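So, here come the structures, one by one.
You will see chain A twice below: alongside chain B first, and alongside chain C after that.
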Partner chain A sequence: MRITNRHLIGWLGASPLMLILLAFLVAPIVMIVIVSFWGATEFSIYPDFQFDNYAFLFGSPVTYKVFFATFKYAVITWALTLAIGFTVAYFLAFHVRSQSVQIALFLLCTIPFWTSNIIRMISWIPFLGRNGIANQTLISWGVIDQPLEWLLYSDFSVILAFVHLYTLFMVVPIFNTMMRIDKSLIEAAYDNGATGLQTLWHVIIPLTKPGIMIGTIFVVTLVMGDFITVRFMSGSQKANVGRLISNDIALLQYPSAAATAVVLLCTVLLVIAILLRFVNIRKEL
Partner chain B sequence: MSKMRYSRRSILKTGAAAAAASAFPAPMIWAQENKNIVLRQFGTGVSNLNEVATKVKEDLGITLEMTALDSDSVTQRAATQPDSFDIADIEYWICKKVWPTGNLQAMDTAKIKNYDKIVGIFRDGKLTPESEIAQGTAPHTVGFVEGQGSKTFASEETGWMTLIPTIYNADTLGIRPDLIGRPIESWAELLNPEFKGKASILDISSIGIMDMAMVCEAMGEIQYADKGNMTREEIDKTIGIFTEAKKNGQFRAFWKTFDESVNLMASGEVVIQSMWSPAITAVKSRGIECVYQPLKEGYRSWGGGIGLSKSLEGAKLDAAYDYINWYLDGWVGGFLMRQGYYSAVPETSKNYMSENEWGYWFEGKEATGDITNPFGDVLAKAGETRDGGSFEERMGAVACWNAVMDENQYMVRKWNEFIAS
Partner chain C sequence: MEKRPRSFYVLAAFFGLFLLFLYGPTLTIAILSFQGPQGGLTFPMNGVSLHWFYDLFEEQAVGDIWGAFRRSFALGLIVMVVTVVVSVMAGLAFRKRFAGSGVLFYLAITSLVIPSILISLGVGLIFNQLGFRVHWSTSGLGSQLTWTLPFGLLIMFAVFNRFDKSYEEAARDQGATAWQTIRHVILPIIAPSLIGVALFGFTLSYDEFARTLLTSGSYNTLPLEIFGMTTNVTTPVIYALGTLTTLFSFGIIAVFILTVWVLGKRRARFGSDAGKGV
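Right after this comes the complex of A and B.
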């Protein structure tokens, strides 16, 4: 009797969250999976069970190229945000002694996030353009004679925008875990004769892994799901999977968009599953 | 607090106005029995203008509720939600798709006061008796049906119209003459390696494919039987040529919205691209040289019109006819022509334009004074002429009309690949 009661209360306690997740997470995903098997005419979609959408998706060489491009963006952005994010967090956590300065500097990092990310992204365009500030400055310094074309509407500008937009998502979790590292561990390492680099590699990095992993998941999922940054920063010249989906939606090809979304979802889940094999986030938090 | 004061004052104001109006009824040209009529109109942004709604309220008393959507959504809505609108403001190629669904009703031309004055393009397809009919979905081919309730298009004028033409224009490439420095005469120049990394095309499949076709034909690569209705092989070949060019870095960017096209051109990122007439105007109004270049192969043209929902009846239907007659009476025409578009009944628009404006916009004459758009921005100074010249020169050189193909879905998928490749 008591056991059933406890079960019941447990279920009741969890039910609000469960209902919200069911309604706003599980149901839409189920719907997307269902629609991915539907058929489409030019202006409507009709219930069906066909594999046309998947057949077209996997049958087109463009799909593989686009998935490859998506991974390329994710990996390069990840490496750069990790390097920058780790350095910033390290500086904040270990070099800044006073806590109030630490907090002030940390807040400084968040200032760009007070504007919308579309604005942060678009403001790069006049800067990097053919007649933009960057090119004009370089020409006036005599570094180059001709404006650099690859500064804008290229992979370079896409990745630049990604790094700019998402580095903070690395800084925050890494800074957070670094702050919890017991300082005496570092002192112990030095006392035992470890060099700065050895301490970093054998003490700090292993202890910061959960933070790195959380940051990685943020950055990788954000980049893999993005479509608007790629569209604006590449002037529609480059594509990732998100753009494939948004193009389909604009052309009212919902089933085909749903099929692409399902494949993307599986890919991202797979990536995260692999990442989680390396670090058990729950245990380390 | 200030908000309350404002609302109290505005109540007083409207109250006083109502009292004044009832005490001194002003002479009205238009019948005012439409006071309580609300018509829901939806369409693409081009002609969904608030100024029109304000003016129609003033003249006819009809309240026009406007919704602006992109052309794909417009098509979808007209085809699937007939009860969500009273008036559909759509393009002719959309009409070709939507009419067979039976969601629109034919209009009795006997009730259209200025029907006889509508330009030939929308009646027998000929601007002048000698003109040849262009490829694509020419408006007159989907402009008439045999009678009320008929779902197939008639080949000639029947007295039952599908859409009343409202707005149309001839599109071509926009160029930056100051950055190109030599005359541009052909569509083929879009893929000229000279402009590598400085060209652009619009990323809207239904229109983009037509611009591509104009280019491929001008290059002598493909001869189309009908650019408006390509075969799969023609689609593959057309998109193949452009994919190749894209891989070679011909394009700086693709644009999807009006603003993007303006920015690409104004910043000098692009010197030649597909463009729309008001975008040229917007670049010019920043003081930057920009020409809507007439090309020897002709223009890609488009036209829109208003259609009536099949559920319209009684007083609302009468009001809709009043609205159409008012639309063709000239005020709207003048308003549109001052932005570079054409109206279906140009001669009535003339009454609402100055001689200088009419000469510049319609007759292709040199401006005798400043030419301004309806919002007061100066577009041209005395001595300048319109790119492409007069109405007859421009609309007489149409090579193809915007169209929807039988292989549309295939084309859309290929287009998506082109963008992603």
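Right after this comes the complex of A and C.
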């Protein structure tokens, strides 16, 4: 009797979350899977059960190129955000001594997360453009004679924007795990004669792994699922899977968009499943 | 005080550069939004004026940004309230294992990591096939909740992992009902974290783009309106808008942080009022 009671109270509390996720997460995924087997004419879609969308997707060399580009963005962005995020979190956690300064600096790092991504992308334009600050500065220093063309609307600007937008997702979980490291472990390492680097490598990094994993999950999924950063920062000249989907949507080719979306979702979930083997998220919060 | 190692100064410099990297571009467009009427999208400044801010107030110049702002603001408030209420209920429920809690947790994680465009596409397709009209307050609201609720839930997990259960047990030992315990003991203790959840709910909704793209219908939210402008507006008016909405976000964030701070101060002075209710 008590057991049913416990389950009932759990369900009551969780039911609003459950209902919202069923309606706006599970149902849309199911719908996308269904529509991925539908057919399309130029201006409408019709129910069907055919594999044409998948056949076309896997038969096109563009697909493989675009998936490769998506992985490339994810890996490069991951490496950069990890290096920067770890360093920033390390500084905050181990070198800032006053707790109020620590909180203030941490907030400074997180505030941009609560502002508009679109605006943050737009704000790179005066910096990177042909006559932008970067080019003007480099020319005035005599480093280059001609403005660099690859600063804006290139892989460079896409990755720069990704790093700008998402480093935060590394800083926060890594900082969180670092703050929970027992400081006596680090003192013990020093007392036993370890150098700073040895302590970092053999004590701090292993203990920070869960935070690194959570940050990795965030950054990798955000980059792999993105379409707007790539579109905006590359001036529509570069493609990733998200853009493939959004282009199909713009052409009202929903079944084809849905098939690509299914493949993207499977890829992302596979990556996450692998990453989750290394970390228990609920324990780390 | 112990002398600082040399690595401190290197890391501090790195941190400074990181902050410059974070805020530099935003400051740049803030400066450029004061361009003179003949000024362009990059430096040099062609005089200094408020021309582009005035431009924002002339409807025909830039489309319906004030309507978009009102919609985004209203939607942000709705998302905020729903996120707080639903996250707290789920957070309380998740403290005990119940049948299906594991599945629900992984659903929430999926909701967080799923590419946003899938939510947009899927919700849009469902509404079309059912013959409903997509609208920011229905399909838009639901789509945004799939983004804000996982954050709310994760924050609640973090809160309850640190929650001292003895307060609750004390209340129960004194004969408080389950509801009284929640209302007079748990909620007052976790109140500052709830403000955090509210901050996430509002700001993530206010700036949401990808999940709202196909689900907001014919009335745009502000981020959609701004994105539309990037394709056809080539004057600093877009910087002026960017500066204003960023300032607005900063204002909102400041209000939330100040509230948490004041709550903390009051608590330090008077002690928690948890358990003082009847």
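Basically, the second predicted complex is superposed on the first by the 257 of 285 C-alpha atoms of A that agree within 3 Å, B and C clash if a C-alpha of one lies under 4 Å from a C-alpha of the other, contacts with A are read in each partner's own complex, and residues count from 1 in each chain.
Methods note: contacts are C-beta pairs under 8 Å (C-beta built on N, C-alpha and C of every residue); 3 or more make two chains touch, one makes a residue touch a chain.
Not measured: the values here are computed from a predicted model.
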Quick one: classify A:Ala261 as touching chain B (first), chain C (second), both or neither. second
Between chain B and chain C, point out the one touching more chain A residues. C
Just to be sure I read the superposition right, which of the two partners does A:Val88 touch: chain B = first, chain C = second, or both, or neither? second
Under the stated touch criterion, which partner chain does A:Val66 make contact with: chain B (first), chain C (second), both, or neither? first
Of the partners chain B and chain C, which touch A:Gln50 in the superposed model: first, second, both, neither? neither
If you stack the two complexes on chain A, which partner ends up touching A:Pro126: first (chain B), second (chain C), both, or neither? both
Report for A:Phe227: first if it touches chain B alone, second if chain C alone, otherwise both or neither. second
Return first, second, both or neither, reflecting whether A:Asn280 touches chain B, chain C, both chains, or no partner chain. neither
Using the touch definition from the top, say if A:Gly235 reaches chain B (first), chain C (second), both or neither. first
Touching both chain B and chain C, residues of chain A: 125-126, 129, 131
Residue numbers on chain A that touch chain C, as the complex places them: 6-7, 9-14, 16-18, 20-21, 23-29, 31-32, 35, 84, 87-88, 90-92, 95, 105, 107-109, 111-112, 114-120, 122-127, 129, 131-133, 136, 164, 167, 196, 217-218, 221, 224-228, 232, 242, 245-246, 249, 254, 257-258, 261, 264-265, 268-269, 272, 281-282, 285
List the residues on chain C that touch chain A in their complex, please. 4-5, 7-8, 11-12, 14-15, 18-19, 21-26, 28-29, 32, 41-43, 85-87, 89-90, 92-94, 96-101, 104-105, 107-119, 121-123, 125-126, 129, 142-143, 145-146, 149, 153-154, 157-158, 161, 199-200, 203-204, 206-207, 209-210, 214, 223, 226-227, 230, 238-239, 242, 245-246, 249-250, 252-253, 257
Name, in rising order, each residue of chain A that touches chain B in their complex. 40-44, 56, 60, 62, 65-66, 125-126, 129-131, 149, 152-153, 234-237, 239, 243-244, 247-248, 250-253, 256
Okay, in this complex, where on chain B does chain A touch? 70, 72-73, 75-76, 79-80, 97, 197, 200, 203, 205, 246, 251-256, 263-264, 267-269, 408-409, 412-413, 415-417, 419-421
